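Structures for review follow.
You will see chain A twice below: alongside chain B first, and alongside chain C after that.
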Partner chain A sequence: MPPTIQACRECGGGAPIDAHFCPQCSKILSLGQHGDYFAFLGLPRRLMLDAADLEQRFRMLSRQFHPDFFYNAAPAERRASLERSSYLNDAYRTLKQPVSRIEYLLQLEGAAARTPQEQSRQVPPALLEEVFALNEELDEIRGQRAAGAAARVLAPRLERARQPIERRRDEHERQLAALSAEWDALLDRAAAPAARRPVLDALRECMLERNYIRNLLAGIERELGD
Partner chain B sequence: MSRVVGIDLGTTNSLVAYARDGAPVVIRDSRGDALVPSVVSAAEDGTIHVGREAQRRLLTDAQRTVYSVKRFMGRGIDDVAGEARHFPFSTSGDAGSVVRIGLGSRTFTPPEISAFILRELKARAEAYFRAEGDPAPEVDRAVITVPAYFNDAQRTATRDAGRIAGLEVLRIINEPTAASLAYGLDKRHSGVIAVYDLGGGTFDISILRVEEGVFQVLATNGDTHLGGDDIDLALMQRVLAGAEIGPAPDPAPGAEASAGPALTREQIQEVRRAVIQAKIDLSDREEITLAGRRFTRSDFEALVRPIVERTLGPCRQALADAGLEPSQVDEVVLVGGSTRIPLVRRLVADLFGRTPHSELNPDEVVALGAAVQADILVTGNREMLLLDVTPLSLGIETMGGVTSKIIVRNSTIPATGSEMFTTAVDNQTAVDVHVLQGERELVADNRSLARFKLGGIPPMPAGLPRVQVRFQIDANGILSVTAAELRTSVVQAIEVRPSYGLTDAEVERMLLDSFEHAEADFAARLLVEAKNEAESVVRATAKSLRAPELAAIAAAELAPGERERIDAALAALEAVRHLGDRDAIIAATQALNDATRHLAEVMMNRSVQAALAGKRVDKYA
Partner chain C sequence: MAYSSKVIDHYENPRNVGSLPKDDAHVGTGLVGAPECGDVMKLQVKVNPETGVIDDAKFKTFGCGSAIASSSLATEWLKGKTVEQALAIKNTDIVSELSLPPVKIHCSVLAEDAIKAAIADYRKKQQAAEAPAAAQPMI
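Then we have the complex of A and B:
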């Protein structure tokens, strides 16, 4: 179990693990190794965040930690302010975008892709059909281009070729949204970790496919640009 | 408590401002001039001139005069090779190290040249505070502004310049963000602000959201080599081509240096002055005469439109990064002298669909904002808070010369990022790390910030060590790096050798150097002042002693031996006043003053001669 209490470096008093200032001496607490972005912002690990609420929390905490307000403080407090501000900014940046928020949650829950191979594996099984079809089409287009066909002629073909893949991408966005809602519902009724696990696994698979498609589309984009 | 100031260290001009009871004020010289031209010149005798005088010397002594040094900040000799040949001053340096600039008989790094400008601004501020009767007029802390799009090396160079000038740099802040603070837009609005900053040599665009006094930069973009200089140059080329008096200069700033021999430097400076005047005149006139020819505003606009349009791409990119449409921008603020050009205003208004703000002087608004930020830092005033971003992504080199991003651009700063490293062969004890800044995929296309060797890894089988390298970007946008091997908890101290910067030791040495020189200069000036005072007292005393009226006075009023004491004091001062001992001169001057005080009073009373009394050196009393 992670610790729930931290010690104030200034007065030696105890403080809850996600407190930012010491309840005893009110000094800014140095940042420990424990805790996470959600807890830091005082948020449950939900995936559907209210954007305005996140902004509001970010601004409020910025006003508490920012190094501007610790210019005349002792070196240890200045360091703590820099650490807390940096952590806040990193948290805000990560949680603001739905995709990085999901990736962070997966990591936090120990459900992230474990190896680099897994992250960039050849083709997710669910995509095999579309990817093979696309590659065939791409090879043909490349061949025609090498033979001197005008880009103007090839562009519509390329466009057609990537339509099925783009449909899959849209499908993934919907799927991610649905899984996020499912996760939040489980969290809200305090479901057991074992019950939550399948949703996390589904989210991971969905993310892997999504990232694969993204790279694929970016590759086509580059080829179109050439 | 010493004073803090805000400084706009510009390519063309620099300014200093401070907060008077919370409201920012630009500090002017006795003629009311706020701008200090960012020009430094070395006279034959080694005296360094800064500002207007140095600018005048551009005509008479161009080889010993340096301008636009901001373009060289944080750059290496290989970076500036193309550009440097257009400047009349010389540049040198070893490949892969910081560029050096010739100034008189010595060479200096760009931070040292900038430090001359900063010292001038510091002196100007101190003179101003002294004149206001401030008992502690010393200025030793400052907030200095940089273009938002400055990279780590350029920011570090700016901070180094401050340190060399004897200033503690409280904060490096971005020019457009500073401008938004100066406008105090938080008091009137919450909403989205676009700050368009077209300076002499750089262009910046920043998109900010203001809410509850928090100025949050959402995105920034720009071009560190696009500015009013490019407009001047295009105009000069047009004039020179039209006049057919010589080959057109190369299309780069400061190009007059490479113009053919048909044109003298004076002639080219004449043309430069003419085009700068033309720019001003055309802002409220439709037609002028330039180099003897009719030149209309539409001629001018046709010529400079391509340059101004280069600013629109970065504006659109910044909006896209902020996730906003142009119509979602509530306020547009203009900064930089070049935004006085009507075409610039029109294009900006068209892009954002609203009339830009221009209530504040676009030359002064950045320094004013820096003063506001300085005030926030020292007073702990929490009404306003600036949350800026890092303009460029930070990454490291990975296999195959590819950049792996660790902190993406437009991340709010301070920010951190980390990366795991391991070893490739058994018992390897060191890993090379190459830190980069930029958006491109290939290492070669990005800016190299630093290379360092991560040493002291305990010998282990390949792939087993887990070395975590942590990157911290502070509120100045400046990077620091730490590392630890996680299995053994060995923390590495990393000496990051900046690719194009100065090491701490070098900055320290330059600071000491400048102190030595500054102290020598200061002592010399004080000695000259003491000698001048001594001379005027001697002359006045001698003159009085020769006066025919004195015989009568001496008989009636002077005590026995008084005349002898005056003569002795006069002889004593004569003996020391040409030597180098300032204290002795001051003491002897004082003694002569004391000896002649009674005589002076008597003469005053008799309304004979006010000369003696008028020459009293009261400031030594």
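Then we have the complex of A and C:
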């Protein structure tokens, strides 16, 4: 079990693990043991965050921790303000983007691959086949261009290559959104970890194809742009 | 980040790029990918049925310079080795030969995985081909 309380450096009193200031002496707490980015911002581990609410929380804490307010404070307080400010920035940056938010959640929930070997073995063979074939098609188009083929001849072929990838990307985004909503619903009704596991696994698998789709589309954009 | 001269050499003059007939009983194909960077690597070996030695090896990699260099080097090493010797190639051998920096170690892991996948595919084909023959004396 992770700890649920922390001790205040100044007065020795106990404070909830995710408090930022001591409830007894109101001094800023050192950043020692604490929860995660979600808890730090006072949020449940939901994936569909309200961007405006997140920003408001960030700004409020940012003001409270600001090192300028601790300019004349004791060294331990100055350090605590710096540490909390820096952790807050990391938390905000990670949670602001839906994709890094999902990656972070997968890490937190122990559902992310730990080694590159593990990760590469998780890619479905059918996806690799498809990605390889599309890459070969792009390679061939590049070869034709190098051999002097006119852009007006190649452009339709590039367009044809782009369609299945764009369909895949749209499907990928739909799937990520649906799984995020599913995760939130489970969380909202406090579903048991075993019931949440399949959604995390599906999210992880969905994330595996993301970079392939991005690279393929970037390759096509490069060819079209030249 | 600076690539070593060996990586650059393999990248600019990749050895054994291409493909072997996938349906040939003596050809093993490994297709692997690194989802964190979107790389995909295909590596194939052709095994001589008499000697059990790898006669030919080909690769095609869509990825960064280190991934291309790792697979290019792997095909060079594979030629002339037996299947067992091939399985002994470790990603760390590739790392030291190419002086890969820590952030590129996963490229060598990918190459080792590709070798293992190609040989596993070859063995599967062999077993499938031998199974009926082995079953014959039972009749």
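Here, the second predicted complex is superposed on the first by the 197 of 226 C-alpha atoms of A that agree within 3 Å, B and C clash if a C-alpha of one lies under 4 Å from a C-alpha of the other, contacts with A are read in each partner's own complex, and residues count from 1 in each chain.
Throughout what follows, a residue touches a chain if its C-beta (ideal position, glycine included) is under 8 Å from a C-beta of that chain, and two chains touch if they have at least 3 such contacts.
If you're wondering where the values come from, they're calculated on a predicted model, not measured in any experiment.
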Partner touching more residues of chain A, chain B vs chain C, is chain C
Of the partners chain B and chain C, which touch A:Pro125 in the superposed model: first, second, both, neither? second
I'd like to know which partner A:Arg214 touches here: chain B for first, chain C for second, both or neither. second
Taking the superposition on A as described, I'd like to know which of chain B and chain C A:Phe69 touches: first, second, both or neither. first
First (chain B), second (chain C), both or neither touched by A:Arg93: first
Classify the contacts of A:Asn135 with the two partner chains as first (chain B alone), second (chain C alone), both, or neither. second
Go through the superposed model and pick first if A:Asp188 touches only chain B, second if only chain C, both, or neither. neither
Report for A:Glu55: first if it touches chain B alone, second if chain C alone, otherwise both or neither. first
Partner chain(s) touched by A:Glu159 [first = chain B, second = chain C, both, neither]: neither
Listed in rising order, the residues of chain A that touch chain B in the complex are 55, 59, 62-63, 66-69, 71-72, 82, 85-87, 89-90, 92-93
Chain C to chain A touching residues, read off their complex: 31-38, 40, 42, 60, 62, 105-106, 109-110, 113
Which of the residues in chain A come into contact with chain C in the complex? 116-117, 119-123, 125, 127-129, 131-132, 135-136, 139, 207-212, 214-216
Inside the complex, what are the residues of chain B that reach chain A? 170-171, 211-212, 214, 216, 376-378, 380, 382, 385-387, 411-417, 472, 474-475
